[in-house]
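Once you scroll down, you'll see the structures, which are given as structure tokens.
The same subunit A turns up in both complexes below, where it pairs with subunit B and then with subunit C.
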Partner chain A sequence: MSSPPASPNPDDHTRRERIEQTIRDADRTRVALYAILLGLVGFYLAPLEAGLMTAFKTTDAFNRTVPFLPPVADGFTFEPWEIAFSEMSNALVNSLLLAVPATVLSAGLGSIAAYGLTTIDWKYQTALVALFVAGIFIPYQAVLVPLSRLYAIVNTQELLSFLWGLPMMHEHYASIINLIVTHVAYGIPITFLLFRSYYQTLSDEMIEAARLDGASVFSIYRNIVLPLSRPIFAVTLIYQFTQIWNDLLFALVILPSGGGAAAPVTIALNSLTGGIVESFNTQMAGAFVAALPTLLVYVLFGEQFAKGVAGET
Partner chain B sequence: MQRLRDVLRRLSPRRGADSGDRELRADGSEQTDRLRGSSELRSDGGVATAEETPTETGRWQSLLSSDFVQSIPFWLPPFLLMGFFVYGAIGWNLVISLTDFEGLLLPEYTVSEFDLEMYRRALSDPSFWTAAQNTLVLLVAFTAVCLLFGLLLAILVDQEIRFENTLRTIYLLPMSLSFVVTAKFWAWMYNPQIGMINVTLRQLGLDFLTLQWISNPDTKLAAVIFALIWQFSGYAMVVYLAGLRAIPTAHYEAAKVDGASTAKMYWRVILPQLRASTMSAAVVLMVFALKAFDFLYVMFGNNPGPAADILATMMFREAFGSNNWAYGSAIAIVLFGMALAVVAPYLYSEYRRGEL
Partner chain C sequence: MAELTLDGVTKWFEDDGGRIVAVDDARVEIEDGEFLVLVGPSGCGKSTTLRMIAGLETVSDGDIRLGGRTITDEPPTTRDIAMVFQSYALYPHMTVRENMSFGLEESTDMPDDEIRSRVEETAAMMGIEDLLDRKPGELSGGQQQRVALGRAIVRDPEVFLMDEPLSNLDAKLRSQMRTELQRLQEDLGVTTVYVTHDQTEAMTMGDRIAILNDGKLQQVGTPLECYHEPRNVFVAGFIGEPSMNFFDVDLRNGSLVAEEFEYLLSDETLADVEGHDRLVLGIRPEDIELVGEGEGRHDFRTAVDVVEPMGDENNVYLTFADADRAVATDEETETFVATVSGLRSVESGQKVVARIPEEAIHVFDRETGEALHNRKLDRTEVPQPNI
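Up next is the complex of A and B:
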């Protein structure tokens, strides 16, 4: 299930030779190569760039000017950002309240499940592993109707009624709790796979040695496997955070229609029109506000994100 | 005699591992012997229980302390949670699809009234066939183009270029964005009057190419696929790049020495070695395509129209828009079947290769 290991480090000699030869042969091809690569940068960034420029333009300016050029003098404004931010600030808080616990819980559960089914061998392990892994590929449409039924039957708000009297608690947190449980459950398969492929690479000798010393399964996890899991925890947390922050479907189905007070950013952005129909500057500013946390995580931890993505194969 | 062997065995609990095979068989026969012996003993006056109990508890204890039992608390709770939400819910969905649950009624699970009416209804519903067809087109076109484009990107990035990390980061960046965000961007890109694509085309003097990209039924699905390729081709690149890096440099060298042209080298030598990468990337991309619901929903609301309607949007519209719960469930099962048809062979082949 894992991709082949990256870069087997070709020895320096051949690498230098190859570079020298390339320089000799192919100056012109090199230039063309870089031109294409730069063009591709344009392709991937154009929508973002045009969106960013538009978000700083007045409605009048974005109707008149070229989308990808920066706003000029009187066409420049922060207003779209102010509108977007004020309309979405609640949703940002909701998304954070939802994404952080759901990310941590699904990573933790994925880790212990992978440990229980990887470092310890027993007969029917493969069947269970297959069930876990197949869960990654489920189209969520196949569970939507039961999910909406489930949360109609299980009334979290009533069950946890003792909580809402406490300070800092609101009744709409019940919907957020429903969403957290859902995201944790559907996040387990992918976190399981990420942890499993990592645990398969851990050295058996160390664990075997600890076992001969009489360490229990629990203490091996606590003292050996968990401390070694730090890099894969980083990968999993980053990947899961992005997935959960970006989700729209579960929020649409589980929250009361329109999202109510518990709406996460994706719902808020979808319903953000900026007052006037098709006021693109506000929508673009809103899109950036909604994307900011994931973009930030991506720019800071791009390496881990790429690994999480590749581990999904 | 029996006693003596027992005592001897207890005195030397661990024996050489080299005779393990024979020992197992010997143990098995011993056990039956001993059982017979013990029943005889019991009739003599209960000495056997005193003899037997320590071994029984010993076995029980060793079972309790066995790795398998100790591993249960680790995998069982996550498995139950996941199993309930994934497999339990799919089963429940299947049951609902057999009922006539609709409107504001509650579902009635009367086994005698279960039937395949909803599936028959789907088969005779032209919009179901349109949606199924669009789903297939989306799956195949999106996956194929993404793979091709990703492979080209990976080959370009693999030429020992400078700024490789920066470029890779930029190419993969759209994937970190939510479908909601990218749909908003592309709705703006495709806007017929002031959207970037048409404005650019006009600036280049290509007015005849300016189209109503996302309202024209002819280009609607293609426009969606294009935007999705923009978002996910970076992923295919990452997978292929890892695949390319795993090919020993010697293979490139050998092809060069043989005088193969670069194109021929990639076609004959490199491409065949990327089969595993292609397989895994294709499966994941198809899964993304099946999840493209969010994108379509943000761009078109719950009815993208016949030109871009896919099973995922149709299911959502029937169930949550029109309260045709059972019908929506039946469509969802069809979609699930499609996903299974893609994923099951893949998982099986992974299992066969021992990579699960």
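Up next is the complex of A and C:
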């Protein structure tokens, strides 16, 4: 872990000389390159940094100071975070209720579909694969109107009315179920494709060996293919979770206007803008609160994500 | 255990309206406990045949029977056949123990502790009991090979199928495993079909070998039958290393006439080739004798072109001489091979007399490739294969 300690150079002279020499020799273009790269890093991180600083400032301090400077003394406060959390806590729960099942379902179904269409041989599978792939290219905008019509006709709340009497259940979950169904359906083509390209790299002989060992189609999936799918599951889960967590469009179209009790975090964040007085600090804190789960997912599963993308098995 | 019968097994693939026949009307009866080697050049259909027996490939026509039961349309799952793949095809996420138990868990109702004891027993037999808790990725090629074999053996199937199982091993390990496999198969007495492209493996391992070319079965017989009494030119050329020398000849006045030589036949041989005049003369390299002087009717003056010393023997490439001309002018000449003792010194350019004894020659029809006359064998000298 620890890097070797910088060996104290006994001959400080030569070291300095060497450095000077290097600097003299340094290619001008190389210096320019690093300068530009540093500039870009600053450029991209500045809004983030300014946002973070703003989130810790009182409204007063925000008005008086430059956005990217840290808050000082009495300008420092946790209040925006407290407000953001309390305002959005319900929405955070909604988003979790939405994103977790939708992610798991779309990845699971994509994996099963890819197994059925890649590892097993049967007639007409090419046509089905083509359909799945075509699904990827359907733009969101094209399905918005049909979707809102669909959920106007299919009244989930009524259909599942027997559920709402149960403890821990609320009627607004019907809207969340609508959203889950939509996200799963819309996610399957891309998860299917991710799994398919991964399953194509699995050894045919290994699957054949399992068949000769007497394993059924389902048993091969459960005992051989699924355990070997871990890296690609990491990729798919992260990708889908981020997509679904960050989605605003479907939520706007499918939920009753304003989002109601079922509003996910994206809509709640939008509502934080609220009032006549812009409270930037609360908005910034809210943005960070909303982004936190996706960040966490990356931190927790980043290594496996990288492995999966690199195609390691 | 059971005998395995291929009855007119045919496989074709449809391809843009055309039909590509991969295996054409294969008929073999493999006895209970027999070790049959399917051998042939790559693309000859041997793997396809094996995969049809396994049930991994559908059969276009014909029947496969196992112990009297037709299994042609049965899925591989229920055939009670175990296969060893060239790539070993181990399950990388399972330990060796899990790899070996998987088949028993899937195909039988055997209780866990019985599976456990059988796996351990087999592992001990294969000498891999120390590896049981490791994963395939941590094993060497030879160890993986053993696990793959153990996985097949532990299931105690009716038939073993092996698809070039030794081709990923280095030469030394390969010959070691060859012997070991033979011993195992003898001990277990399980009917085995073994696919290889290596004629040495075929000769050394099989009770019988089946030679395939272009999807057609060329000959099925014991290794020595195939070696000494090949049914056609293909078999004669495929079995044996270095392979048999062939000369295109025409039959004229009781002699085989080629460009460079004339070979007088006895009446006995003539009777065999009667009615055919476009022929191929075949002679195995080890049957050609190199003598210093000779004027017999089957002695030919030749010059040594290249010598390949193998240690125990020398492969000597010869050209026919009136050969002063050929060697001197470096003209495009056809060579043929003779093997002589490794201790005998033969040098490039040297003139020698090659004696081609008539009792060792094979004669084939040039059009059909069919053998018309095979070498004479003193039957008592042929050791009977140990079945």
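Here is the rule we go by: the second predicted complex is superposed on the first by the 255 of 313 C-alpha atoms of A that agree within 3 Å, B and C clash if a C-alpha of one lies under 4 Å from a C-alpha of the other, contacts with A are read in each partner's own complex, and residues count from 1 in each chain.
Definition applied: a residue touches a chain if its C-beta (ideal position, glycine included) is under 8 Å from a C-beta of that chain, and two chains touch if they have at least 3 such contacts.
If you're wondering where the values come from, they're calculated on a predicted model, not measured in any experiment.
Asker: Which of the two, subunit B or subunit C, is in touch with more residues of subunit A?
Answerer: Of subunit B and subunit C, B contacts more residues of subunit A.
Asker: Of the two partner chains, subunit B (first) and subunit C (second), which one does A:228 touch, if any: first, second, both, or neither?
Answerer: In the superposition, A:228 contacts subunit C only.
Asker: Quick one: is A:185 in contact with subunit B, with subunit C, with both, or with neither? Answer first, second, both or neither.
Answerer: A:185 contacts subunit B only, not subunit C.
Asker: If we overlay the two complexes on their shared chain A, which of subunit B and subunit C does A:151 touch? Say first, second, both or neither.
Answerer: In the superposition, A:151 touches no partner, neither subunit B nor subunit C.
Asker: In the superposed arrangement, which partner chain does A:47 touch: subunit B (first), subunit C (second), both, or neither?
Answerer: first
Asker: Quick one: classify A:173 as touching subunit B (first), subunit C (second), both or neither.
Answerer: neither
Asker: Just subunit B (first), just subunit C (second), both, or neither: which does A:295 touch?
Answerer: First partner only, subunit B.
Asker: Contact-wise, after the overlay, does A:208 reach subunit B, subunit C, both or neither (first, second, both, neither)?
Answerer: second
Asker: For A:195, select first, second, both or neither according to whether it touches subunit B, subunit C, the two together, or no partner.
Answerer: Neither subunit B nor subunit C is touched by A:195.
Asker: Contacts for A:216 in the overlay, against subunit B (first) and subunit C (second): which applies, first, second, both or neither?
Answerer: So A:216 meets both subunit B and subunit C here.
Asker: Under the contact definition given at the top, report the residues of subunit A touching subunit B in one complex and subunit C in the other.
Answerer: Subunit A residues touching both partners: 216, 313.
Asker: In the complex of these two chains, what residues of subunit A are touching subunit C?
Answerer: 203, 205-206, 208-216, 219, 223-224, 227-228, 313
Asker: Can you tell me which positions in subunit B touch subunit A when the two form their complex?
Answerer: So the residues of subunit B touching subunit A come out as 67-68, 70-79, 81-90, 92-93, 96, 107, 153, 156-157, 159-161, 167-182, 184-186, 188-189, 191, 194-196, 199-200, 203, 230, 234-235, 238-239, 241-243, 245-246, 248-249, 253, 276-277, 280-281, 283-284, 287, 290-291, 293-294, 297-298, 311-312, 315-316, 319-320, 325, 328-329, 331-333, 335-336, 338-339, 342-343, 347, 350-351, 355-356.
Asker: Going by the contact rule set out above, which residues of subunit A touch subunit B in the complex?
Answerer: So the residues of subunit A touching subunit B come out as 1-8, 10, 14-15, 18-19, 22, 33-34, 36-37, 40-41, 43-48, 50-51, 54, 62-63, 66-68, 109-110, 112-113, 115-117, 120-122, 126, 128-150, 182, 184-186, 188-189, 192, 216-218, 221, 242, 245-249, 252-253, 266, 269-270, 278, 280, 283-284, 286-287, 290-291, 294-295, 297-299, 302, 305-306, 309-310, 312-313.
Asker: For subunit C, which residues are in contact with subunit A within the complex?
Answerer: Touching subunit A from subunit C are residues 54-56, 75-79, 81-83, 85-87, 89-93, 102-103, 106-108, 151, 155.
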